[in-house]
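Read through the structures below before going on.
In what follows, chain A forms one complex with chain B and a second complex with chain C.
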Partner chain A sequence: MGISIHNVSKTFGNFNALQDVSLTIPSGKLVALLGPSGSGKTTLLRLIAGLEQMEQGQILFDGEDTTTKSIQERQVGFVFQHYALFRHMSVFDNVAFGLQVRSRTERPAKTEIRAKVRELLRLVQLDGLESRFPAQLSGGQRQRVALARALAIEPKVLLLDEPFGALDAKVRQELRKWLKQLHHALQITTVFVTHDQEEALEMADEVVIVNKGGIEQVGSPVEVYQRPANPFVYSFLGRVNTFTGKVVAGEFQLGALRYQTEDTRRWNNSHVVGYIRPHELEVAPVSGGEGWAAAELTHISMIGPLVRLECKLIESGIPFEIEVSGEQYLEITKQVKGNLYVNVKQMRLFATKESPIQLEEKNHIQSVSLAVSELKA
Partner chain B sequence: MKKKWKHPSIIPGFGLSLGYTISYLSLLVLIPLAVLILNATSLTWEQFWQIVTAERVVASYKLSFLTSFIAAAINTVFGVIIAWVLVRYRFPGKRIIDGLVDLPFALPTAVAGIALTAVYAPNGWIGQYLEELGLKVAFTSVGVTTALIFIGIPFVIRTVQPVLQDLDLQMEEAAASLGASRFVTFWRIIFPQLLPATVTGFTLALARAVGEYGSVVFISGNMPMKTEIAPLLIMTKLEQFDYEGATAIATVMLLLSFIILFVTNLLQWWSRRIYRME
Partner chain C sequence: MSHTNQSQRATHPTAWLMIALSLVFLGLFLIVPLIAVFSEALKGGVGAFLSAIDEPETMAAIRLTLLVAVIAVPLNAIFGVAAAWVIAKYQFRGKNLLLTLIDLPLAVSPVISGFLFVLLFGSQGLLGPWLAEHDLKIIFAVPGIVLATVFVTFPYVARELIPAMQSLGNDEEEAAISLGANGWQTFYRVTLPNIKWGLLYGVILCNARAMGEFGAVSVVSGHIRGLTNTIPLQVEILYNEYNFVAAFSVATLLAILAIVTLIVKSIMEWKAERQTIEQEPDMIVRAYETGGSIHGH
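Let's look at the complex of A and B:
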């Protein structure tokens, strides 16, 4: 079932949680609402579910207005961040709840309910745990019970609020893969909220980037990562270096650094901020000539197969990061004498309106690094 | 290997605190109660039996336990409702009402008794209208129950309130998303979680009501066989220097109270068990 959201606004007291948000969620897709905490992504999810009343706008399920429909009527499966399992009920009763509370005429027979619950528990790989209580399950198991419970009512839409937020890294990895497979098998329109860009990029068919009560960009994971619409998206999705410079004669200049493409020519004679991912800088032990700048190495950290070099431009003292492969790193260290030399392979320019200092801070908060090669795989 | 009765604990001071607990309870509870039973044994079995099965005494037991039970039951229903209102809704004056709940704890019960009598007497503020409807409150067992309701109000509210406050609202949202109506959600999700605390509140209110004396004596009228509660009978015997008689009645009350508390504790244990609250 497709969902269309038209000009939706929601405030809590003086706080504008959502402002005039419009979004279309295609049927059968797995969509991520990605944003920092307080961005309004959970509010949007709760509005779709009917757990929250909106002040303005319209939400349509397959073209049908849901504004006056209560949550009971909407037939949405909602999975809460902290599972919200009924702790006084067994796993079986938790999953069966949605079927048991139906009105007498719509309620399946007891044997049917039993069969259905068994089937769902097999689907979420929890068969044999029917009589356990939530307190006797691990975090990952609880999450899967919550999912089975939501699926029991055969929802038209599945909504998940930070589904893996409370789990440890390894379980989270497994459940991500598993949920993606499950979605593939069931083909239910699924929307999940996350603040983890890696999770969103890895799982979703489509990523919606939410910030300050509005939508910044909608697109496939590759699209939003490779062609961020604005500085916020750029710095939110992975690590980024920001170089503030000037475009002179169609060429970006920052000290000795030079960069020129079709894009830079559009910005002629203006001050700009260049956004460069750590892997979009070239590094060499000797200067490659025109456009190369000298840099001083300040810190080295190993992150799996990659080596992150924290550097400083000699001329201006501007700090930045480069990521290279382990082999590349060895080669460089063999030949390097004193300074390193860097060159820009790729850069996106934005106007200097948004203060570069603020962006640099965001840059430091980001801890997950993503390489394009990883994404393609 | 022999199993040690005392497990080593990471928190120090087990011996000291347990010793303190036992001596404290002994001095204040166990020894006085033991003396009570000891005093009762100065009577022969026949004498004892005669005193405790006297018509007037049996009538007082019946009145005491019946009115206490009814009062505790009423307090349970309305206590849960009041706790619900205080936790779930926001309204002006909420904190004042929340404070008022504790008043029956603090007020001298005799004052409560006099006030209730003034209001519910046949010529009182409310009593005169009830009188027209043919309902007598003061100087009847209804009056006794009213006084016991008054003094028992805080118990259920104060035991249920914190549990209600800690309930996970998302559980209710989850139930709603699964199609449960508000009533079904209350019955199947909220109520089972409140049950153990509700039983505790009921037990406390009942225990308090059985032992109540001060407020009841004013509103009951103290007519033998009709509105005379057991604690009053004990007082009467004491005033007549009939110490043996008083202790005999008291012993029976102690026994009955113990049985009731034991049963309600079983009930509570069971309600926790079926819903796996432990």
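Let's look at the complex of A and C:
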């Protein structure tokens, strides 16, 4: 089922959680609502579920207005961040709950419920655990009980709030893959909220980047990662260097550093900020000629197969990062004497007046390397 | 409500001293009086004890006490659940005021509470003339006793449930609703099982207080023998008449009620603690996770 969201606003007291948000979620897709904490992504999810009332706007399920529909009528499967399993019920009763509370006329027979629960538990690979209580399950198992419980009501939409937030890294990795497969098998329109860009890029068919109560960009993981619509998306979806410079004669200039493309020519004679991913800088032990700038190496860290070089431009002292492969790194260290030289391979320009990059978010988010998702993209 | 008894083993002399002190204190102020009550009551033998209780006036007092408890306790249980529900699950203006009001009966002397009702419903009171006109009797009658008891005992259930419900949060209720449950199903199948031990404990405390209340009831009762005397009032009357064996015999009933309350309370706390351990996932989860019983791949 497709969901259309039209001009939705929601405030909590003085806080504008969502402002005039419009979004279309195509039927059968796996969509990520990605944003920093407090961006309004969870509020949007709760509005879709009907757990929250909006002040303005409309949410349509397959073209049908849901504004007056109660949560019970919407038939959404909601998986809560901390699962919200009924702690006094066994796994079986948790999963059966949605069927057992149906009115007598709609409720399936006991044997039918039993068969259905069994089938769901098999689907989430928890068969044999039906008499356990939530407290006797691991985090990953609880997550899957919550999912089975939500699926029991045959929802038209599956909504997941930070589905992997409370799990440790290894379990999270497994569950992501598994959930993606499950979605592929079931083909239910699924929306999940996450603050982890790696998770969003890896799992989703479509990523919706939410920030400060609005939507920054919607697109496939490749689109949003490779063509960020604005500086926020650029810095939110991975590590990025920013070089503030000037475009003179169609050429970006920052000291000795030069860069020229179709794009830079459009920015002629203006001050701009260049956004460069750490792998979009070329590095060499000697200067490659014009456009290359000298840099000082300040710190080196290993991040899996890559090596991150933290550097400083000699002329201006501006800090930046480069990511190179292990072999490249060895090559460079063999030959380097004193300074390194860098050159811009690729850069995106934005006007200086555009929203400054939020440093806290950047630090928070960028602590994860994007190397993996990048390769996939 | 749950006390985690994970203190270290007492070995230090100071610890022993403290334990000894509290035991002496407990003995002097609780155990000795309790023994005194029972020994006084049984002074004249079991026969005298039983016949003291079997007096018509005493039986009437017992019946009245039970009647008052049967009315007051369910009322306050319903009120307590409702109050705890709105306080724990909703944000609204005047929430703190409501919390303060719930505590009021605990802060006000029961005698004052009793006078409050006399001032309201007494023949010289605010509603007195109107009540007299309609031939309704509240003060110095059973309705007054019930009202005073309800007032004095209404904090117990609510106070017990508010922290429990606050710590539980809203998630499970929201989950139930999203799965299609209506309000009643959500309460009955999800909320109630989660608060049942706290609720039972609150009800038991409320009951003990309802049966044992003296001050407020004494003011509104009028001490009409066989009609408006509850057990505590009957004990006082017998005592004032120097009928010690009878006074202590009836008092044993309240003492037994107190002991039963304490026993039930301990059982409840034990159960509630077990429940919180069950609900404290991480301790157990880790054990499972290190066991590697995760099926996902």
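Convention: the second predicted complex is superposed on the first by the 360 of 377 C-alpha atoms of A that agree within 3 Å, B and C clash if a C-alpha of one lies under 4 Å from a C-alpha of the other, contacts with A are read in each partner's own complex, and residues count from 1 in each chain.
The rule is simple: contacts are C-beta pairs under 8 Å (C-beta built on N, C-alpha and C of every residue); 3 or more make two chains touch, one makes a residue touch a chain.
None of these values were measured; they are calculated from a predicted model.
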### Message
After the overlay on chain A, what do you see for chain B versus chain C, clash or fit?
### Response
clash
### Message
Let me test your reading of the model: by the given contact rule, A:L51 touches which partner, first (chain B), second (chain C), both or neither?
### Response
both
### Message
Quick check for you: in the superposed arrangement, does A:A284 touch first (chain B), second (chain C), both or neither?
### Response
neither
### Task
With both structures superposed, pick whichever of chain B and chain C touches the larger number of chain A residues.
C
### Message
A:A166 in the overlay: touching chain B, chain C, both, or neither? Say first, second, both or neither.
### Response
neither
### Query
Is A:M1 contacted by the first partner chain B, the second partner chain C, both or neither?
neither
### Message
Contact-wise, after the overlay, does A:L60 reach chain B, chain C, both or neither (first, second, both, neither)?
### Response
neither
### Task
Please write out, lowest number first, the residues of chain A touched by both chain B and chain C across the two complexes.
49, 51, 71-72, 75-78, 80, 82, 84-88, 97-98, 101-102, 133, 135, 149-150, 152-153
### Query
chain C touches which residues of chain A in the complex?
49-51, 71-72, 75-78, 80, 82, 84-89, 97-98, 101-102, 125-126, 133-142, 144, 149-150, 152-153, 168, 171, 174-175, 177-178
### Of all residues in chain A, those that touch chain B in their complex
49, 51, 70-72, 74-78, 80, 82, 84-88, 97-98, 101-102, 133, 135, 146, 149-150, 152-153
### Task
Please give the residue numbers of chain C that touch chain A in the complex, ascending.
171-172, 174-182, 185, 189-190, 193-194, 275, 278-281, 284-285, 288-289, 293-297
### Task
Going by the contact rule at the top, pick out the chain B residues touching chain A in the complex.
168, 170-171, 173-181, 184, 188-189, 192-193, 275-277
